[in-house]
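Chain IDs A, B, C and D follow the sequence of writing; residue 1 opens each chain.
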Amino acid sequence: MKENTNLKVQPLYNIENLKVHGRTTNSLSPLVLFWTGSGIELNAKSSELWIEFEVDYDLYEPWISVLINSVPVSRQMLTAGRYWICIFRGMNENTVKNIRIIRDVQAMNGDPNCSLQIHALKFDGELYPVEEKPYKLEFIGDSITSGEGAIGAKAEEDWISMWFSSIKNYTAITAEALNAEYRIISQSGWGVLSSWDNNPHFNIPEYYEKVCGLLTGEKNVALGAFKENDFNSWQPDIIIVNLGTNDGGAFNSPEWKDSVTGETFKQKLNEDGSYNEEDLKAFETAAENFLIKLRKYNKTAHIVWAYGMLGLSMMPSINRAVDSYIKRTGDKKVSVFQLPNTTNETVGARSHPGELSHKKAAAELADYISQFLTTK
Amino acid sequence: MKENTNLKVQPLYNIENLKVHGRTTNSLSPLVLFWTGSGIELNAKSSELWIEFEVDYDLYEPWISVLINSVPVSRQMLTAGRYWICIFRGMNENTVKNIRIIRDVQAMNGDPNCSLQIHALKFDGELYPVEEKPYKLEFIGDSITSGEGAIGAKAEEDWISMWFSSIKNYTAITAEALNAEYRIISQSGWGVLSSWDNNPHFNIPEYYEKVCGLLTGEKNVALGAFKENDFNSWQPDIIIVNLGTNDGGAFNSPEWKDSVTGETFKQKLNEDGSYNEEDLKAFETAAENFLIKLRKYNKTAHIVWAYGMLGLSMMPSINRAVDSYIKRTGDKKVSVFQLPNTTNETVGARSHPGELSHKKAAAELADYISQFLTTK
Amino acid sequence: MKENTNLKVQPLYNIENLKVHGRTTNSLSPLVLFWTGSGIELNAKSSELWIEFEVDYDLYEPWISVLINSVPVSRQMLTAGRYWICIFRGMNENTVKNIRIIRDVQAMNGDPNCSLQIHALKFDGELYPVEEKPYKLEFIGDSITSGEGAIGAKAEEDWISMWFSSIKNYTAITAEALNAEYRIISQSGWGVLSSWDNNPHFNIPEYYEKVCGLLTGEKNVALGAFKENDFNSWQPDIIIVNLGTNDGGAFNSPEWKDSVTGETFKQKLNEDGSYNEEDLKAFETAAENFLIKLRKYNKTAHIVWAYGMLGLSMMPSINRAVDSYIKRTGDKKVSVFQLPNTTNETVGARSHPGELSHKKAAAELADYISQFLTTK
Amino acid sequence: MKENTNLKVQPLYNIENLKVHGRTTNSLSPLVLFWTGSGIELNAKSSELWIEFEVDYDLYEPWISVLINSVPVSRQMLTAGRYWICIFRGMNENTVKNIRIIRDVQAMNGDPNCSLQIHALKFDGELYPVEEKPYKLEFIGDSITSGEGAIGAKAEEDWISMWFSSIKNYTAITAEALNAEYRIISQSGWGVLSSWDNNPHFNIPEYYEKVCGLLTGEKNVALGAFKENDFNSWQPDIIIVNLGTNDGGAFNSPEWKDSVTGETFKQKLNEDGSYNEEDLKAFETAAENFLIKLRKYNKTAHIVWAYGMLGLSMMPSINRAVDSYIKRTGDKKVSVFQLPNTTNETVGARSHPGELSHKKAAAELADYISQFLTTK
């Protein structure tokens, strides 16, 4: 192998013209990529580029996707260790390439040791500023928003990192259609009030104000996951909340029992199979409270509750919650939007929305959202 | 990281139930992947699988794609060195997964040190037999068949490995549509008589009978590239020859001069811009002779000359050559098929066919080929 | 011209095996086709078939479409007069053809003299029974459901019969996808509470229980338009209400003034451009009352309020109305479904949904409705 | 009915600003529409328009399609007689509408009494000039070019006018894509040398120079069908010859016997099922002679032999014929283009190309042809 002797290592904190995507701490030594869809973006005038990652996990390894000039060209598993990965080589050193390296797997509540960090770059040219996009979107959701099943064969059933995608994902496709920057806050199985299996602690709202509060473990303390998020530094134009699917599932799942206190939690069905009204009300209250919290931290964003890619059972409750919120607060910058359902033709792995379902949802969502974006 | 202590290393030559794709030597210690689209296939009942690669190059690094249950889930650059790559982990150890690891870049005539080898596997379960597919296809071509530009943004102009794909490629898509195994023999820029720039040594027919005769360098001698190919071990049902595009280009390129002998070579234009008849005739003779050679080594295959994805300028000559071959030999198992042209809507990187063009070509080619496949 | 001397005229009331589509009286001497999508269906084993129409109008002539074996083959304007139209000729007399002749223009409130009647058939063979479809759908709507603009160039602006289609229409496409029979009750510009221009008399609910109560004029009295509809004879499995678009428009239109009483009516905007709450409430009450009326006449149908093909401004009100209805009555067989919005790519004539928009809406609606159809 | 008293009848020969499409005589009293795709075009600023047709036939009635502002809005059978048909009414009298009335059925060799004529218009405004399109295309073909089976259910088997379309037809779609005017010369079942059933008189070339020479009967003498065509008045930029399919079929059909002379004609198969070489040669000679004839009457047109929508069996012969023609004449403005085959997904009625097949063929053909059209 002929070595490229012009390559120079630069720690990330030294890099000008670095664009960081996704909610994280303000540290660059190293940079922690907590959320799916988070990553770095560069405009690189160089012939070659390497990135130094540090990776760990007990169960669920991270994956990354590489986009060059907005086209995905690489997707790979990152095994444990600290090492360099080559992003490109042999390119024209006089041409500026837009490079995005994106975490392709959700934050992993179930693996306290899962982490993905970037220490440094190595390249032989210069970096140019990344142009700011005119709009900012924040997506908040569950497995659908985590892109679970968006890649892989329909037959796949394992719950593993490989079947998650932040690229073949309605979030990324919507953002590209609107020329917007985006962030994702998501966790498979979680809801507004509880998880699909009635665990009341597995709800997104409770952890919203932390950098990545739904993580666990000592290591994540050190990485800054539980710090207060700096909302001032990044205010979205639109927040898309795609939650409710697991809250609906909870009605059809067994009760959850707290192994310490013995307490149980269960969303109940009526005898005729419909949802118990009181339990629905609890969900609606949680949803309304989440809107209040979202507004607290996001003063100007239009909030869209977008729901329906895996059925509509909670839609009336979501409508009531949003209606009640608007009536109570007078805040009219909130609305509900039904996403197209996943069908036999559009389903992906693990009975989740496939790439076609994500594309269809993104097309309708982008069309809907565009009315709230003022030309900039 | 929790280590999987059940993993066992097995050298490739020890592995039963290994399916090797692509033309190569019969060595498995290690296995050399010469051609794009070559690779290994496994039916793995295990929770985890690693592969030990050995990689080298001066200029053009190899890339691989990983398909699990026929769906591409990973694509990555392989940098120089000997190392293990994890293909999957954390899967259900009781389920059989079909795994294909495919070389995603053509054999590189221009880089004598480019090589990709597989030494061993590491896994914790068992391998099951890979079912033989009912048909075998052999594709012979140039950059189109190498999938140059099938991945990457339209703006890309660098000639690098990254923009080659054997997956978003009409060869793979045709084979999948017909449930066939396939091999690719291809080189960017090469033709039947000469390369696009009139180099008469850069023609595919001259090297057809060797394992990978168009490679260069001492190292490839050692790897067995220049050995006679064992045609008996793999006889295709259909051979698709997609050559002629560069022979057409030669008419519009400057002459080529042999730096040693001073000899020059040039396909000439008439004053009105049409192709010189004598030079066309030379192409036709070369094409006819290639058919004779193909038939020598492939006694029963139907041969389809499939052409047209980047224009039709050589089509009349190809028709004449095939016509003349049939008349001379009485061999009627040869035909010509026009592939759909690449348009502004279907073009990819480097002004080459993009994924949409490959899909369209594959759909029409598979429909055409199916008439020659007897139900097995 | 060679005459077919085997043709025999048969008045409609004499015909066995005649299937009548659409809400009408029980008279067959002649049959009146009031609504768009209404018509007759035959299984004809004959070589030739003619139909005797009687047509009149002052302003808006009717059109028909002819479907043979479910494929539209003819669409034509019917000018005033009583005359025979040839549906087919020269066909194999031993083959049974399924024939549908469908009115392609809505009932015309604005033209008291518009009428379309069928007196007789003329054919040379036999008619066979038309198989009953397993499901029945009733669509209730405005211009969208009337198929206004579903045919014609985007540039068209005239309000004329030619631009209406009951075939390139989500109603027909949904019914075909579900293998269902269907009826349409619709009027362009009308709503639940008022028309787009605030006329409180132009609302569908007021006229629902009559055969075709929204018509006007003496002639329509004679034709039976204002008789009570016989709901027992045809009970739908699903009712789709696609109303609200004009109620939304009323907020942005000038007040309507009764020329006799001087009374005015106006749905008002708040200063910030949002809808006045009291006026919204009036709409919601009207919607809720309409549901009560629908349930009175349709004891078992699932009712879907399907809305959104031209924007979502009334969706929160529709949700509240349905919610309130369910709470008040305990009737759970009512739900709301958002239809996909019309975009620049899917718009048709007169700024109304085009064929592509209707197809998209039908695909999503059929998928949604299928959950309420028990296998028959 | 309220009559429009402003309508004025104008005989066609009196009309300025009339655009006639299709090959016909220069008579306008009346105008005869011989060929499918022929018709009249108007830019009408009026509120209403009627056309007076005169129609006759023994077997095969004509049909017309009406296009308003380039969108098909009506398609109807024309039964025998002389009568007025209303094209539109109630439109804005101050807007100019582009109107095309197109014959939708091929010239009928098998029905000497089939005729379609236009006598007069009736309207209440003015006609404006129809802008000339920059290009002219002439299509010469068989049932494929006649649009046989392009409309109707797959199950249809009757050979009747209803299943012909000049609109859902690759000719019209290609012309629209290229913004070209077009003419069609075509007859189902006919070929270059003989018809599908070996009748040597049923070949298109023999009749090419007459206005509509393939018609029969005294009446067509009177209508001018057998007059010399005035080639000077309309010279195409491109001629597309889509013939050969029936010549191929002749090899697999019984011999044809002249009922008068007792002579027989048959294209023969070899014992191995391949085509007899001498008979192929006869086809090739006929094809070559047809090219000579086409060039005689069309001095500057590029001629494309476009073939393949129903299989490729004659392609090698077509290539040889064109090759031989070019070699003999030095005329390089002739080429061969393979059209995409019809598949199970794209087939229409009567086992012929359906609308999807025509669309696909048109897309590829238009892309190919565009290289021969100089910007005007």
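Simple rule for what comes next: a residue touches a chain if its C-beta (ideal position, glycine included) is under 8 Å from a C-beta of that chain, and two chains touch if they have at least 3 such contacts.
Everything numeric in this text was worked out from a predicted model, so none of it was measured.
Minimum number of contact steps separating chain A from chain D: 2.
Between B-D and C-D, more C-beta contact pairs are found at C-D. Comparing the centres of all chains, each the average of its CA atoms, the largest separation from chain C belongs to B. Centroid to centroid, with C-alpha atoms defining each point, chain B and chain C lie 58 Å apart. For the pair chain C and chain D, the distance between C-alpha centroids works out to 38 Å. The geometric centre of chain B is 44 Å away from that of chain D, both derived from CA atoms.
Under the stated contact rule, the graph of chain-to-chain touches is a ring, a single cycle where every chain has exactly two partners. All chain pairs that touch, listed by label, are A-B, A-C, B-D, C-D. Residue ranges on chain D touching chain C, taken from their complex, read 1-2, 56-61, 68-71, 73-77, 79-80, 86, 88-92, 95, 113, 151-153, 155-158, 160-162.
Contact residues of chain B toward chain D in the complex are 274, 308, 312, 315-316, 319-320, 322-323, 332, 335-338, 340-341, 343, 364, 367-368.
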